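Chain nomenclature is as follows: A, B, C, D and E, assigned in order of appearance, with residue numbering initiated at 1 for each chain independently.
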Amino acid sequence: MGETVLDIQNIESFYGPIMAIRGVSLKVEQGQVVTVLGANGAGKSTLLKTISGIMDPEKGQILFEGREIQGMEPHKVVGRGIVHVPEGREVFPLLTVEENLTLGAYTRSDKAEIEKDRQMVFDYFPILAERRHQEAGTLSGGQQQMLAIGRGLMLRPKIMLLDEPSLGLSPLLVQEIFAILKRLNKEEGVTMMLVEQNARVALELADMGYVMEVGRIVMDDTSERLMESEDIKAFYLGHQEDGARGERRWKRKKTWR
Amino acid sequence: MEVVQLLVSGLANGCVYGLIALGFVLIYKATEQVNFAQGDFMMLGAFVCLGLTNAHYMGLPFWLAAPLAVVIMAVLGYLLDFFVLRHLFGQSQTAVVILTIALGFVIRFVAGVIWGHEPQTLESPLAVGDFNLGGVVLGMADLAVIVVTVLLTLCLYQFFQRTRLGLAMQAASQNQMAAYFMGIPVKRVQGMIWGLSGAVAAVAGILFASKGAIEISSGLLGIKAFAAAVIGGFGSLPGALMGGLIVGVIEPFASYYFPAGYSQIAPYALLLLVLVFRPHGLFSQVRIKKV
Amino acid sequence: DTQGVSDSEVVIGSVNDLSGIFAAVGVPAVNGANMRFDEANAGGGIHGRQIRFVVEDNGYQIPRAMQGYNKLLNRDKVFAMLLSLGTPMNTAGFKLLDPKGIPNIGPLSAARQMLQEPVDNKFIAFSSYYDQVQAGVTYLAEEFDAKEVCAMYIPSDFGKEIAESTADTAKALGLTMAGETTHKPDELDFVGSLTKLKAAECDIVTMALGVRQGITVVGTAKKLGWTDVKFLNTSAGFLEPVAAVPGGVTDGLYAASGWQDLYARASDPVPAKFIADYQAKFDQPASGFAMLGYSAADTVVRALEAAGPELSHETFLAGLESLNYLDELTGGQISYGPEDHRGADEIVISVVEGGGWKTLAVK
Amino acid sequence: MRIHFKTSYDHDIRLFPDLWSFGVYAALLVIAVILPWLMDDFFLGEVTNVLIWAIAGLGLMLLTGQTGQASLGHAAFLALGCYSCIIFMEQGWPFLIAFPVAGILTGVVGTIIAIPAIRLHGIYLAIATIALSILADDIIVLLDPITDGVSGKFAPMITIFGIEIERWTTPDRFYWLVLAITVLCTLAYRNLLRSPLGRAFAAVRDSEVSASAMGVHIARTKAAAFGLSCAITGLAGALMGFYAGAFNNETFSIVISITLLMMIVIGGLGSIHGAFFGAVVVAFLPQFLSMAKDLVGGSSVAIPGLETGVFGMILILFILFEPMGIYGRWMKIRIWFELFPFARKDMFKRQKSYLKTERLR
Amino acid sequence: MSQLLEIENATLKFGGVVAVNDLSFSVKEGEVYAIVGPNGAGKSTVFNLISRFYDPYAGALRFDGQNLLARSADAVADLGIARTFQNIELFDHATVLQNLLVGRHRHRRTNMVQEMLFTPKVRREEERHRAAVEDVIDFLDLQPYRDKMIAGLPYGVRKVVELGRALASGPRLLLLDEPASGLSVEETQDMRWWIDDIRKQMGITVLMVEHDMGLVSGVSDRVLALADGAKLAEGTPAQVQSDPAVIEAYLGTGVV
């Protein structure tokens, strides 16, 4: 592999007075799959949003293919070939499934290729083909998730930022989605940055893993080594099932009553 | 005969309402913003054309002045978005509502300073000449209004339905963030639609002015056009035309058949009636959220 | 001592519509008044006092009018009110003018309420809408042997007064009141109403409408081929733009008003000078309401002169009530007296002809 | 920086979070009470006007800010409150009865109107209420025998326990009356917010689906919001009537409805402070501009309609500068001072934000 | 144990889509009953039927012997049925505490006038609601978020707040739509203990939709597998998980 496509340097992002990203640096190489793990509120989604331009960082730089993209308008970032499949679906609820997919290819003009890709998405998710004229807002949660991913694929990105793609999908579909991602990565060479709660599948797919906590990266290594790590096993892969409980019960106690 | 006459002039008027309503709906469809200054836009469009063409002002030929006015209003609409509304991007719709109401104040003030407060008449070739079809009279301007409105509605409808940009505009109104993720330049798209609605307002204004005199407070008409858009189902282009026609037709019939004092209530009473039975207009664009 | 008066200054106030639906009336009127006061001030003022004319914009809204009154009375401490616009605004204002005895002069409303009790501090420059309609209908009925009378009006005090007068006059003359229609200021089209009135075979239609609407009504009637009807406006529609509509749309429209049209008398020296001065000062053509404003201000100036150097409300009212002069600008005889708080009693009947108003009769 | 040490639930339930803010509001009230000795009649009249608008603002705020139902027709309820109060007084009822009954009547009518209006959302409700406002004008004319139609009515003298109160002759007493009503309305509003109904209002505003899943009866809650809102607005309307002294069908026009909505948005939707801030801006700004004009360019009209134009321009700036309303800005300034000197320069820089459709209900 | 919730032959169509197809099942008092099934199987729709957001085309719904179809959505809550939503439906412009207090709405005992006057009774009631809500906050470890606005909370915390809001209403039946989606392994673990406690300590019956089979088999007594709106299998977690039809349509082989 080798060449760095995405280089994040010392990013700080805020929601008003709240600091959500506290100086994050990481590199993604061409053709790599990188996964970001972390507890709730660690700032994973914020990190992806900052990359795709949905949020502006206050400090730091993001280089994509050597050029700065931080603080750019999101559609320009998309124009460079970065697609963000957001957390929580975000489909266009009053448009049909088909129209949603058409919009996925908004930046493209190669009609024939678009049609091929649409067919590809329909092959991946046959239910979408069946429901092509249904308004996206009335799809079930999982169906919307499929649509969001399919729509992301329609962009033919160089790099995909996936925010919890397995959210609300059935176990069977989770397997399928990850198989698709793997194929895309291997066959088309699409670089990926993946945020997942389902750490096991994520680490299996990924080459590199980062662990975030309260806005910082606290651990980074290859996925193989991360999977061996005791901490990762305990907190993200769910090994010591019973021990954790008693601890958590009195970890945070009331300060007043 | 009388009924036909009432119907025909009602349709012509309805088209004026429909044209203004079209402006409302355009903006709503593409941004979900509501432009309370649309009526004032129309007034401004009319006065711009008047300023260009009337002998007292610049005296350009009408057929040059009218398209020029449309272009000027389109540019104004775009600039308005660029310099003002864009700063409210992502802010609640109420903020835009208040902003456009205040904008109406400013537009009326500026227009008053430039063109004065007295009614004026546009020197329009459409203003002269009537068709008399077996006792039913139809003014040239009426005919023009009907033709232009129907054509414009059709074109815009096709635009939203068939073109990529039209689809992108709808997407941008439903989920700005997701639209950005698709690479849609949401802000620019918004500017374009404000420009477009400025142009539509100018067309409406020119046609309206050709039907009679205009004055600075002619923008008041916007409220009735607003009602028309809502009757049609805010966000639906054919709905806007339909709503306009309904309001337009109900008026002459009400003034003919209802006693004085009651007739002017008709459009608003009708509006309330429609909303009681169809809370989101005839061509409803509102859905129940799936949870 | 009296509020609003000092050795060097007298403050006159006005609550006017400079931005609302009657701005077309208020703005020129205020300009006209300012012109007259500027002339007086340039000539050294009256008895050494400069006139300060403070105008508050009410946008034709009551709450803003009340704010205007509060400012003028309690802050600027005006001596008298002049040319305040709007019937409801004026009647609301009386509530605080009356107890303090502040004179209300020449309000821009010809409603009968402008001379309601107590009348000692109220002065109106010209005839009421009621009298205007009465005179106009009588004239037209005699002239054209009319039988049926109708009215088109906006549902306001102004409209109602005209409708009432129409009905009363018809009754007095033994004519029939054949129909009436009401209109909101934003009404676009009058085909329905005109078809209705045409079916009722009206010979005379009195109008109390917005200015733009009046024009549209006359134009539409012609379009519908209804040409044997006489439309009658009052002073509220007695404006140059109405007569000047291109294509002769308003030709044949009548108006009964309290003054003669400015341009009808443009050949006389005083109106001619006024037209020229106004154009020079404001870069706009003068209008009937500009003339009215000038004339009302002129009345105030004359009254202040007549009041003498010791200015108080008593002396001012006495001065005002002593006035009796020919207003060369309007061409009317202005006379006030203890029992007569109406300046000009005459009513002028005019008709649109060739883009201007032509005076037909003075009653 | 103030830190609240909470030792009982009462701390959250109390009217004032701490002694300091209690002190601030108490001081404010004391100043308000002695105001007539501090100001001349002109300013007192303006303050009275601001308070009346603030009461009307509270009324609309309850509906729009708290429950999320935008109304552009509240002038109709101002009118109803005004007419009913004065008509009751003309029937010989004392003010102390006529006034609250007028409020209740307006509330009841508001509730009845709410029944069809409950199914309307956003823009649809806005236009329906606009229609209401326009119809109110016509209805007043049509009800001439009761309302005196276009000729209008005059507000009678208010007598409370033999004390005569009138806007022009006894501006101080009228001010105190308005002040008392303002305080009462504000208290009632505040009480609602800290009790179940107030929370139900917010629930309906934020998510009708989950509110109903939590047992909130949507229609009844909205009707209650409408009713209360209209009742308060009715009271404000009656006071406006007394303030104007005379009124007719044109007094409570659609412009007043629009101004009212503008006022609460500029003040800050959803907060009591917002109603007051908004009232100060909307009610006092025109007066301020006209005073400023006197100072700058002499007293005559330089440019007709200038004040309205500048007013519009300033409103635009207000919205651009702080779309969350003055209250939002106020909170930021407070936080800044409380954090001083630790506040960050960019702390309140607006992060990009994005909207989603409101066509899903 | 008696039947708390009974669904009989419920059918619901959206245009051509049969979302729920002649479905019958019942939930016993005190059990944890899970519904699993492929995306679009109609699981959420079943919840929406119970919450009375939709009217079934046919069939009957009973809660504790009472006909649910005779009630409106808010009246269902009054019976003691509380729920969470798949996509989180909180009151975004309110704090966590206020959200939980809305959960108490069905216990409101005061009227509008009393509340405007804030009579002593209102105060007493408020304190009572508050105590109940504090118990929930303690139970779910939500103390750090008590006065935070929902709008700025991470996804996982919102999920917990939603559970808290449902619990605050003191329900008899709790409907959980994918309670663990978007939660980390650690948090899913917590969720499991919470559901256990909810059932055992609070005696609340739980009906839940979930894709995390670990959680499903960990907490539920019985599982219903749904496909295309109809019953595919029903039984203990182990039975359902080993059902070939369920594996085929839903679970897959587990090989990525």
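Operating definition for what follows: a contact is a pair of C-beta atoms (placed from the backbone, for glycine too) under 8 Å apart; a residue touches a chain by one contact, two chains touch by 3 or more.
All of these numbers come straight from a predicted model, not from anything done at the bench.
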Chain labels contacting chain C and also chain D: B
Mutual neighbours - chains that touch chain A and chain C alike: B, D
Chain whose average C-alpha position is farthest from chain D's own: A
Far-end chain from chain B, centres as C-alpha averages: E
Chains linked by the largest number of contacting C-beta pairs: B-D
Inter-centroid spacing, chain E versus chain C (mean Cα positions, whole Å): 72
Chain centre separation (chain A, chain D; CA means) in Å: 46
Distance from the mean Cα position of chain C to that of chain B, given in whole angstrom: 35
Distance from the mean Cα position of chain E to that of chain A, given in whole angstrom: 28
Contacts with two or more other chains, residues of chain B listed in rising order: 108-109, 112, 117, 174-175, 177, 180, 223, 261, 264, 285, 287, 289, 291
Residues of chain A touching at least two other chains: 15, 54, 93-94, 137-139
Contacts with two or more other chains, residues of chain D listed in rising order: 134, 138, 141, 209-210, 304-306, 308-309, 352, 354, 357, 359-360
Each pair of chains that touches, named by its two labels: A-B, A-D, A-E, B-C, B-D, B-E, C-D, D-E
Chain B residues touching chain E - in the complex, by the definition given at the top: 291
Touch list for chain D against partner chain C, complex: 40-42, 45-46, 49, 134, 137-138, 141, 149-152, 154, 167-169, 240, 243-251, 253, 255-256, 283, 286-287, 290-291, 294, 299-301, 304-309
In the complex with chain E, residue positions of chain D that touch it: 9-10, 12-13, 188, 191-192, 194-200, 202-203, 205-207, 209-218, 224, 228, 270
Of chain E, residues touching chain B in the complex: 44, 48, 53, 85-87, 89
Residue ranges of chain D in contact with chain B within the complex: 70, 116, 119-124, 126-128, 130-132, 134-135, 138, 141-142, 209-210, 254, 258, 261-262, 265-266, 269, 303-306, 308-309, 311-313, 315-316, 319-320, 323, 352-361
